[in-house]
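First chain A sits with chain B, and in the next complex the same chain sits with chain C.
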Partner chain A sequence: MSSITALNGAFHNGMIEIKDAGLIGMITLRGDLKSEVVAKALNFVLGVTVPDQRKITSTPKGSVAWMSPDELLIIIEYKDVSKVISSLNNILSGSHSLVVDVSDARAVFALTGNAIRDVLSKGTPADLSKDVLPIGEVRRSRIAQLAVAFWFTDEISCQLICFRSVGAYIMEWLKNASENGSEVNFH
Partner chain B sequence: MLNLTCPNCGITADETDLHCDGQAHIARSGINANDDELENYLFMRDNPKGVHFERWRHIYGCGKWFNAARCTTTLEVFGTYSAQTFTPPKALINKIKKKRPNWEGFTK
Partner chain C sequence: MSTRLSKGGRLIDRSKSVEFTFDGKRLNGYEGDTLASALLANNQRLVGRSFKYHRPRGIVASGPEEPNALVGLGAGSKFEPNQRATTTELFAGLHSKSQNAWPSLEFDIGGINRIMSRVFPAGFYYKTFIFPRFAWKHIFEPFIRKAAGLGAAPTEKDADKYEYFYAHVDVLIIGGGSSGLAAALEVGRSGAKVLVLEQKNTWGGRAPVDGVVIDNEKSEEWINKALAELESMPNVSLKNRTMGAGVYDHGWATGYESLTDHMPSKVGPRQRLWRIRATRILTTTGAIERPLSFAGNDLPGVMLAGSVRDYIVDFGTSCGDIMVLATNNDDAYRTAIAQCEVGLKVAIILDARSNVTGELPNKARSMGIRVETGMAISKVKGSKGVSGVSICLQAGEGIPIEEIKCDVVAMSGGWSPIVHLWSHCGGKLNWDNDNAMFRPDADRPPLGADGSGFVIVGGSANGYLKADDSIKDAISQGKIVAKQVGFKPIKSKNITVDVEAEAEIEQIWQMPQGMSVKLQAKTFLDYQNDVKVSDVRLAAREGYESVEHTKRYTTLGMATDQGKLSNINGLAILADSLNAEIPNVGTTTFRPPYHPISMGSIAGDARGELFKPIRKSPIHNWIEANGGFFEPVADWRRPYCFQQNDEPVKDAVKREILNTRTNVGLLDASTLGKIIVKGPDAGKFLDMLYTNLMSNLKIGHCRYGLMCTENGFLSDDGVVARLDENTYLCHTTSGGSDRIHAWMEEWLQTEWWDWKVYTANVTEQYAQIAVVGPNSRKLLEKLGGMDVSPEALPFMRFTEGTLGGIKVRPFRISFSGELSYEIAVSASDGQAFWNICMEAGKEFGIQPYGTECLHVMRAEKGFIMIGDETDGTVIPQDLNMQWAISKKKDDFLGKRAHLRSHMSDPSRWKLVGLKTVDPNVIIPDGAYATDGKIRDSGVKNMIGRVTSTYFSPTLNRSIAMGLVEFGPDRMGEIIDFPTLDGKIIKAEICNQVFLDPEGERQNV
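== the complex of A and B ==
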C-alpha cells in the first residue's frame, strides 16, 4: 500500500489558497541543542548549524526548525526519512537524545495569499504582525483549540502543521475562516 | 487578558496558549514526612490577594514550564523566570518590593 497524506490532496481557494502540502518527511530530534554532537548531526544531514531560537533554516535539501529548547523538527523528502534517521542515530548514539519519524503523524498545509495573517488571526492568539512573526520564524500556538505550528516562507506563503488526526478539522476551519466576503484587512 | 513571556522560547503568549498549575516553589515532603507535613504539601496552598508566584506551562507553544510572579487583584505581571529555581530571582523580588512597598516579601 502506498502512503497517503491525512488531507489526501485537499484543495480550497477562497481568500487564500489552502493546499495539502503532500508527503513530507518530518523527523523530531530531541537532545541538547547546544551539544557538539547535535551540531555534527545537523551538519551531516543538511549541512546547516542548529537554528537560533524559534528560527527555521532552509536549504535545497530540506529545513530544520527550532521547536523548543531541546527539540528540532527536521523536514526532508519523504523517501529519505529512514536513511536520515539511521545516520542521525549513528551520530547521536551514546548521547541523551531521541530521533523519531513523525512524517505520518502530522498534516501539512501549504497556504498562499495576501490574507494569510488575517485568516490565521481569526483562530489563534499568536501575534501575527510582520515584526513579531517575520519570514523564517516558527510560531507554535493554537488554532481553535488545536496545537499548530506555522512559518512564512515568503510574504504570501505559509506552511502550517498540525496533528494528523485533526487535519480534516483544521482544513474545514481554514476553509471557513477564508471564505470570500469575510476579509478583515488588518495585517 | 493575561500575557506572559515564556523564558524558554521568548514568546509573549496569551493566557489561552498557556496552562497554569498553581503555586510555585512548593517543597516536596518525602517518605519520612509526618501526616501534617504531607497534608501541607498535598493540599495547603497560598491564596493571596496581591503578589503571587505560580507555575505555568507553555502548553500550546514550546511545551516547557516556567514560573511567573503576578498580582492576583490587578493581573499585573511582575516577571517570569526559569522553573529550575528554588526561590524567585533577587532582582525580581526587588522589583516587586519597589512596586508594592507593603508586600511582606517572598515566604516559603
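== the complex of A and C ==
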C-alpha cells in the first residue's frame, strides 16, 4: 500500500518518546448524542456506549471520543473505515446525522514517557494534572498556536492528534519541548 | 573602601573561587556571591554613570530594587544590557561591563552634564526643545538619544532558548521568605495544591540576616526544616530563582524562572516563563527599604542600611571600614551592630528622632557606638565616593556642626511593603500614618471571576514589618486562603518568633527638615532617572498637583526600577510641597512586570522554525525537492512555479503555461477548502449562503457559486458538488476554508439553530490534484480504472472510481479554460497519485505547474480571483456576475445590501478587460486609470483601477483586468494609466475573456 501519514514514520526520543502512530481510522459522527439511534449505532460498530462529556471509551475494536455536544470521533483500524461508515450510515439513515471519514485529515502522535504532562504543559494552557485530566478523558486544546486533542491511555502513554498539514510543526514543537535539559518536574 | 572580610558570609563558599571580569578587569569572587557582592569585595564601588547627569554611581541595594548597578552582561549573541549586579549570581567567566559611561567609567565626558545640571531642571526637555518645531526631530532627539539611555541594545541574534510552562494550582504563593514558608506550610498541610515562587536562589528572606529566632532556634534551622517538610508534600511545588512577575485578571500570574543564567554552560533553556492559573494568589513579598533624602545621597558608598547588613552577613563583605548610619527607625541599628560585630567601625549614628530609647539603640549604645538623636546629615563629602559627612540638626536648615570621616553611609528611611503584585490587578492601598507606609486594604482587593478578592497579602508585604508580626500574619493569611480554596487548615502548634522590640518610626522625608534649595538640588530621589528633591518641588510650584503628572514631568519613578526606591519619597516631597496629606496626593499605578523580564522569555519557543506554523499539503515535500519556488497562500506554502535547472522564475512560469496549454500540467490544488454540508435543510442553507441557487443542483453535478457577506461584498467563491440527496461538498478558496467553515457554523449556531444541517471541514482529508491540458484525458485513460470520457464524465460533473488503483473522485471543472480534471484522493494517497500521474504523463509531456501559471491561465480566461478582483468593497454586480445571482430566491446573505442606493449606483466601477496599446507593456498591479480631470483636492480624478495584470505567453501580449467607471459601456475606448515614474500607459477597454470565449477548449 502506498498510503503514507503526514509524519511518515517520524520518531524522536528525548525526555519522552514521540512516534508517528501510523495510519489510523477516524470517523467524525455528528448527530443527537442523546438519541437511541446513535447509541445503537455505536453499540453495533464498537460495542460501546456514547461517551460522557470530554470522555473517551474504548473496546478492543476501537474508541469513541466526545468532541462536542453533537460530535464524536470514532477511532478504529484504518482498513475498517469504509465498512464502519456504511454500517453507521445504515443504522443512522432516517435520522439527521453526518458520518464522515477524517482518517487522512489528521496527524496522530503516540507519546510515551513519564514527562508527557510536563512536556505538553509547555504549550497547552489546559490543566494537565492527573486529577483534572485522568486517563479516559480527552482534552481539546491548543499547543503553541495550533488546535490539538490528546488523551492518556495509561499513565505514561498519550495519543495526540492535530491537523495533517501542521503535523510537521507539532513534531518539531514536541521535539523542542522534550529536549533533555529542559525538565520541569511539575506534574 | 569595601572589601572581603576574613570570615563570615553565610551564602558564599570560600573554598570555591570564581573568576570574572568587570570592564575588562579580571576579578575574583566566591561561589554564592552576587556580582554586586563580588564587586564590593574587590573594592569596585563605582559601577556606573547616571542617566542624565552622568554622575558616578555605586551599589545602593542588595536586591531587585537596585537602581544604579546595572551592567551589560555577556558578549555577542549572549549579550544582555541593564542587568542588575545585585540579582546576578556570580559564575566563572562572567563578563560584565558598566553602562552609560564614555570613554570610561572613571573618566566620563558626559559628566559635563553634571556641571550643567542647573540648566537641566524638571521639564527641561519639554521647555527647551519645543521650538523650533523641526529641530526636535532633526537635532534635539538624535542628540538626546545618544547622550541619554542606559545599556546598549544587543547587536546579535539571541543564542539562548526560552520556553513557557502552564501551571494550574489552588494557591500560588509568591515570596519564599520565612513568612512565605510559614504560609506555605499552612496551605500545604491543608492539602491544597500549592506552588511557591522565590525570586532568589536561597529561601528564607531576611530572617537569617536579622538574627530572628524561630521556634527557639536560629531561623536558618527553621527554614531548612520548613523546606524539608514542604518538599515532602506531594501537593506542594517549590521554585526558587523564579520571580512572581505579574498578576492579571482571572487568577492569572506569570513567574519568571531563571534556569541557566547562573550557569551558562548548562544545557537547556535559559529562562522559563511560568503562566500560572491560581484560585488564590498569596503574596508574601516582603518590604523594601527607603533611602533618606540628604544632599549627596547618590555618591558611591551611600547605601541602604539593610543592604549593608546583607553584604556583611550573607557575603562576608564590608561596604566600608568606617560607617555613618542615618536613620529614622530602630531596625537600621541592626546594621551598625553587625558592622561592629565583624570588627569594623561605626563613627556615629545620626537618628533624626529626638527620643530614642529602644532595645536596639540601647544595645548599640552599650557597644560604645556614638548615637546622636535629632541629628541629620547635612551633606555627604567626596567626589567618586564617600569620604565623610557633615552633620547638622534635623530640625534646622543644614548648618554643618561637625565633619565626620567615613567611607560608607548606611541610610534607612523605613521600609515600604512590596504591594506591587497586590496592585497589578487593582488592589487598593491605605496610608498607614503611624508606620509611614502604604499597605494593602483587605477590604478593597482585586476581584476575581467569583466577585471576591483573589489576591491575599501576608507578612511584611501586608504591613507587618517586624518578623514576629509578619510570620504570625502570614500564618493566619495562609489559613484563610486554604479555606477559600476549599480546604481545611490543620491545627498545629503556634510558632514562636523572638526578635528585638522596635520603637516607632518617625516620618522623615528630607534631611534636614528645612534644607536649603542648594541642598535640595543635590538630594536625589530617583537615582536611575536623576530626579532630585528640587525637581519635584519645582514641579509642584509649576502647578503639578497629581502624582501621575508630576511623575511624567520629572520622570520620577519612570526608569527600569519603576521607582522602587523613589516613589514614596517623591510622593512625600510632593505632598509636602502642596501642603497636602500623602494619601491625598495619590499613589502611582503599579504595572507588571514587577521587575524587568527578558524579551526572550516573552517570546518563548516561538522563534525560528517554531515562530509560525506553516501548513503543508500532502505533496509539499515533493514540491520542495523538485524545484518548487514557494509563496505564502494563507498559512499554506504553495509553489509559485517549479524552477528547472536554475531557470529564472519568469521563464519557469512561461514554460508551465505553454506546456499546460499544449500538453498537460499537474497542479497541487489540495489547499482548496472542502466543506461537507449535510442535512434535510442543507439545500435551503446553501441557498442562503450563496448568491445563486444551489438546492436545485442535481446529484453528481457541480456548480460555481459566490458568497457575500451581509453587507453584500464578495467573500468567497468556489464549486459546489451535490454528493447525494442531503449532502453537498462546498469548495472554498485556499485561504477561506477555516473562515467559511466558521461562517457556516456561526449562522447555524446563532441564527438558524433550528435548521437541520451539519457541516464538517474535510479540507485536509483530501489531496486534490488538477490534471490540466489537452492531454489530460489521455493521461487518465492510461492510468485506467474508470471511464473518464466526455459521455461518462461531462463538464461540470463529478464521479467516483479508481485511477491507477487509487480510489478517486474526479471533478470535471476547469479554472484554466483547458480540458481539466480535479481529482480528489485521500490525503494519505496524495503523493502516490501524484507520482503515478508524473510517471504515466511523461509520454504526454507532463510538467507540474505552480500558482502563477494558474493565475495567468485564469486571467487569460477572464475568471475572477477572490482577493484580486475583490478587496472587500466589491459586489458581484461590479464583476458583471448578475448571472450568478438568483432572482428566484426570496433571500440570501447580501441580497438586501445589494439594493442599497450606493450598491445599485450605475456609476460603480465595473469589470472589463484591458489591452495595452503596446502589447509588450504590462500595467503595474493596482494602477489607477485617470481621465485628465483634477479633483478639488488637487489629485487626479480616478476612473478605475487594475485588478489583475500579466503577460500572457499564450497570446504573446500583455493582458489585464480592471474595474472601470461605466467600463462595460466603453468597449474600445482607450484610457490612461499614469505610472509612478511619470509615464502614461494607454490601454483599450475590451472583453475580459481574452482566450477562447466560447469555451471550446475546456468543453471537449
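The criterion applied here is as follows: the second predicted complex is superposed on the first by the 186 of 187 C-alpha atoms of A that agree within 3 Å, B and C clash if a C-alpha of one lies under 4 Å from a C-alpha of the other, contacts with A are read in each partner's own complex, and residues count from 1 in each chain.
In this text, contacts are C-beta pairs under 8 Å (C-beta built on N, C-alpha and C of every residue); 3 or more make two chains touch, one makes a residue touch a chain.
In this text the structure is predicted, and so the values were computed from the model without any measurement.
By the touch criterion defined above, A:R139 lies against chain B but remains apart from chain C after alignment on the C-alpha atoms of chain A.
Contacts of A:K19 after superposition on the shared chain: neither chain B nor chain C is touched. When both complexes are overlaid on chain A, the residue A:K55 reaches neither chain B nor chain C.
In the superposed model, A:P125 lies in contact with both chain B and chain C. Number of chain A residues touched is higher for C, counting chain B against chain C.
Touching of chain A by both chain B and chain C, each in its own complex, is seen for residues 125-127.
Every residue of chain C that touches chain A in the complex is listed here, in rising order: 163-168, 193, 237, 266-269, 272, 275, 277, 605-606, 609-610, 612-618, 636, 676, 678-680, 756, 758-760, 762-766, 806, 826-829, 831-832.
Contacts from chain B toward chain A in the complex involve residues 8-14, 16-17, 60-64. If you check the complex, the residues on chain A that touch chain B are 53-54, 67-69, 71, 125-127, 139-142, 147.
Listing the residues of chain A that touch chain C in their complex gives 2-6, 23, 28, 30-31, 70, 96-98, 100-106, 118, 121-129, 132, 144-146, 163-169, 172-173, 176-177, 179-184, 186.
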